[in-house]
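Data first, discussion second: the structure below is written as structure tokens.
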Amino acid sequence: MAGPAVGGDLRILGVTKRFVDFVAVDDLTLTVPKGSFFALLGPSGCGKTTTLRMVAGLEEPTEGSIFIGDEDITWAKPYRRPVNTVFQSYALFPHLDIFENVAFGLRRRGVKDVKPQVEDMLELVELGQYARRKPTQLSGGQQQRVAVARALINRPDVLLLDEPLGALDLKLRRQMQLELKRIQTEVGITFVHVTHDQEEAMTMADTIAVMNAGRIEQMGPPTELYENPRTTFVANFLGQSNLLTGRVTGRSGDDVLAEVEGRRVAFPTSRLHATGEAVHIGVRPEKIQISFADDTASFDGHNVVDGVILDASFIGVSMQYVVRLPWGQEVAVFAQNIRRDDRLVDGAAVHLHWDPAHTFALDASQDADAGAALVGEPAAEPAVG
Amino acid sequence: MSAAAAIPDALEAGPHEPPPAAAGGSLGRRWTPYLLLLPGLLWLGVFFLAPMVSLFSTSLQTGSPEQGYSLNPPRFANYTDVWGQYGEQFLRSFVYAGIATVAALAISYPLAYTIAFKAGRWRNILLVLVIAPFFTSFLIRTLAWKTILSDNGFVVGLMNTLHITDVLAFVGLTDGERVLATPLAVVTGLTYNFLPFMTLPLFASLERIDPRLIEAAHDLFASPFTAFRKVTWPLSLPGVVAGTLLTFIPAAGDYINQSLLGRVGDAMVGNVIDSKFLRVLDYPAAAALSFTLMVSIVVLVALYVRRAGTEELV
Amino acid sequence: MAATTSPGRVAPARSSRPGGPVNWLRRHLVAIAAAAALVYMFLPIAVVVLFSFNDPVGRFNYQWATFSTKAWADPCGASGICEALGLSLRIGFLATLAATVLGTLVAFALARHRFAGRSVVNLLIFMPMATPEVVMGSSLLALFVNVTVVPLGFWTITIAHIMFCLSFVVVTVKARVAGLDSRLEQAAMDLYADEFTTFRKVTFPLVLPGIVAGALLAFSLSFDDFIITNFNSGSTVTFPVWVWGAATRGVPVQANVVGTAMFLIALSLVLVGRVIGRRRAAG
């Protein structure tokens, strides 16, 4: 019998999972506050699904412990944890109809009259009239909602979602993202959502933990992770970043002074995340403003570099430029489509400038390409990892 | 031998790889598989393997039903005796089985191909039809061939009119105008009996081929026949080999068809073993023949396993 | 395929498939061969059914004489046939039960667990399916003769049947178990079902069709077995042994009646099974 839903924060303490030939999760520690929507974000094989399975009880950690509130659930069987999972493949029981699928957990816990609760839950996910159908008769989106209902009806302390939206098409996925967020806000249960889709994580979660190779790179609210990344992996994995190699030259009040290929840049000390002299100077493409080189302008207080446009693409919502800097490096610039400047074409000389507060500086020893999107990244993550 | 009512379901079901490595697929304990295996394997050990040992030991005995048999000393000459005496029967068994296997392959392949690629909704019904004949008794079915191939029956009459029988008699498969009590009848019966054993593995193999591969071949200038030769046939080989094994081996040891449909003088190894065990009661010689047959089968299977491994077998 | 260049003409002529009977034949060659194969397979069945309505002249039922339902009216009329049938049914039932249980256990081990000696087990399961019945029958006889504890008869036949049915059950059930998504069982445990309840509520119902298929297969193999039974039966007479014994003297028409009945019963079982399966899937 599952313990009563006492509640409390989900605490993962020093958890390591070692398989025969590799380490999937490496000394992971994090706390998921009760009632929050938490996202575990990372590429295939980073260990996020393994972590989820350890919380669910479907894997045993090699080291470390897992607590919900004060209850140590590290070694508890899956059927004794106040935790339920929405599986990536939904895992609906094909031999039971929708009603019985959703009622399954209740029946195992000895609830006699399941009808009212099941009907309520089916109403919540808007599948009331499908109660007596079999899973194979439902569409992917409907099956996904049944999977959520089946898990949610048990009022677990923690609801785990393993890339539940991976198999849905774009439009449906967006819809379900909002649905899940709404349900979570309404019901108030802790959601732990595993995904490789950074847009999804940022849309839905209160807190995101970015995982890479079994470790957490950075954890915090979406805005903090996006605007002020602390590692090149986070900078590249969430959205897109331009990273310029530079050197810290000194301080000036609250600012750090640095130079990039002879050009001076400055940024607030709070945005320096490196200790040595060598740094990656980072700025996101949408933060850079582009102007035709011949126009006279002063760009007061901004960091400025000059370059030549290699490619100008009209995306619709924006113009996306690839600009070649004097020392050969290429950077991306996104300009919101408010007022298009027809002079900004391939080959035009331009000035690029941005607010120093939008700069971030990372340790130069990190790989500048870490986390950058690979061509042909698979849509769904394999079962392990 | 009659076969499955529901092999189609089993064939539809699953892949043939070993269970997934690591990743907590089953939370079973380490000794569970051994416990599960024990009763079944024990039964096979006692009633399949041990008899082979018994067979071998019997084949080395000397004696008679009246005086009893003894293993002292073991007489290996029993083997050379029977090889010398019954070499012709061995050869005949393998030749008949070989012809039957090739014929079964020729007949089954289009059938399996049609079911795998062209059947659509009819697939399951067709699979049932493939097995359906084997719902009746194997002996009664074989006896039915006596009616079909009877001397004044329609089939033989037609064959005579078209002079097919003359050609076959020339090759030695038939006797004048008769088909019954000839090698042809025996081979026909053999082929017929083992058709599902050839069709079903073929189907299983063909069904796994992605039809888009054939489309790609056509796109790359292959005619239908070339596409078959270069793409379909090679990919279906595992099924061909499995079907061949499951047909040739039992056919080589069969003697029912020969008894019911063949000539008295054309004994196969099976006939000899049967008569020596049950009528003449010459156990050592019979056992030697049987064991020789067994060993040649084991050699064939070993060759197969060396190429393809054991996972596809079961 | 006339391409036209004159203006004012709206649509070019449409090309059509080359017609004629020869081309039709060529396109459908494979399907025709398949149909011929099916005809070949059912020819003896048709004969068996037809000749169950025959009233033969003399002892042998190979020539058509006159239509008669005599044999159907008196199915036990031939001496010993119903006793032999009864025996075959009893042995079949017992052997099926044992082979299905043992085979299912082995199938689960093979499909779900990792263990040392997989190849050996695969080989051991495969061999009885591939070994000629002469060899299996005669070797068992050699065993029973050398051991002389068990007299030849009902029990030796049953033992032999369990032996060779086992492998077929394993293959059938294993395919079904292997095709079962293990994540369904993980989902069940996630939803508070312990290991035993998970097996009872999820695994077993989903594997059951495979087990039933295996059992049916085992029964039909056992019921129809001749060679192995003949070697190990002593003087006990099962149905196939009875037919064999009657073959030289003249097989009575009742044998065809039984054959036809077997065919119809099995066919209807399969059809019923399919209907149930389809109805269950549709909810």
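Per-chain numbering from 1; labels A, B and C assigned in written order.
Operating definition for what follows: contacts are C-beta pairs under 8 Å (C-beta built on N, C-alpha and C of every residue); 3 or more make two chains touch, one makes a residue touch a chain.
Keep in mind that what you see is a predicted model, and the values were worked out from it rather than measured.
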Per mean C-alpha coordinates, the chain lying farthest from subunit A is B
If you tally C-beta contacts across B-C and across A-C, the winner is B-C
Judged by C-alpha centres, the chain sitting nearest the middle of the protein is C
Chain-centre distance (mean CA atoms) for subunit A and subunit B, in whole Å, is 59
Per the C-alpha means, the centres of subunit B and subunit C lie apart by a whole-Å value of 15
Subunit A and subunit C have mean C-alpha positions lying a whole-number Å distance apart equal to 54
Among all residues of subunit B, those touching at least two other chains are none
Note: subunit C residues in touch with at least two other chains are 189
Subunit A residues touching 2+ other chains are 58, 383
Within the complex, subunit C is touched by subunit A residues 1-2, 56-58, 77-80, 83-85, 87, 89, 91-95, 97, 104-105, 108-109, 132-134, 136-137, 150-151, 154, 383
Subunit C residues touching subunit B in their complex are 30-31, 33-34, 37-38, 40-45, 47-48, 51, 61-63, 101-103, 105-106, 108-115, 118-119, 121-136, 138-143, 145-147, 159-160, 162-163, 166-168, 170-180, 182, 185, 189, 195, 209-210, 212-214, 216-217, 220-221, 223-227, 230-231, 239-240, 243-244, 247, 251, 255-256, 258-260, 262-263, 265-267, 269-270, 273-274
Subunit B contacts subunit C in the complex at 1-7, 9-16, 18-21, 25-28, 32-34, 36-37, 39-41, 43-45, 47-52, 54-55, 57-58, 107-108, 110-111, 113-115, 118, 124, 128-130, 132-148, 150, 152, 192, 195, 245-246, 249-250, 252-256, 260, 269-270, 273-274, 277-278, 283, 286-287, 290-291, 293-294, 297, 301, 305, 309-311, 313-314
Within the complex, subunit A is touched by subunit C residues 181, 183-184, 186-194, 197, 201-202, 205-206, 280-283
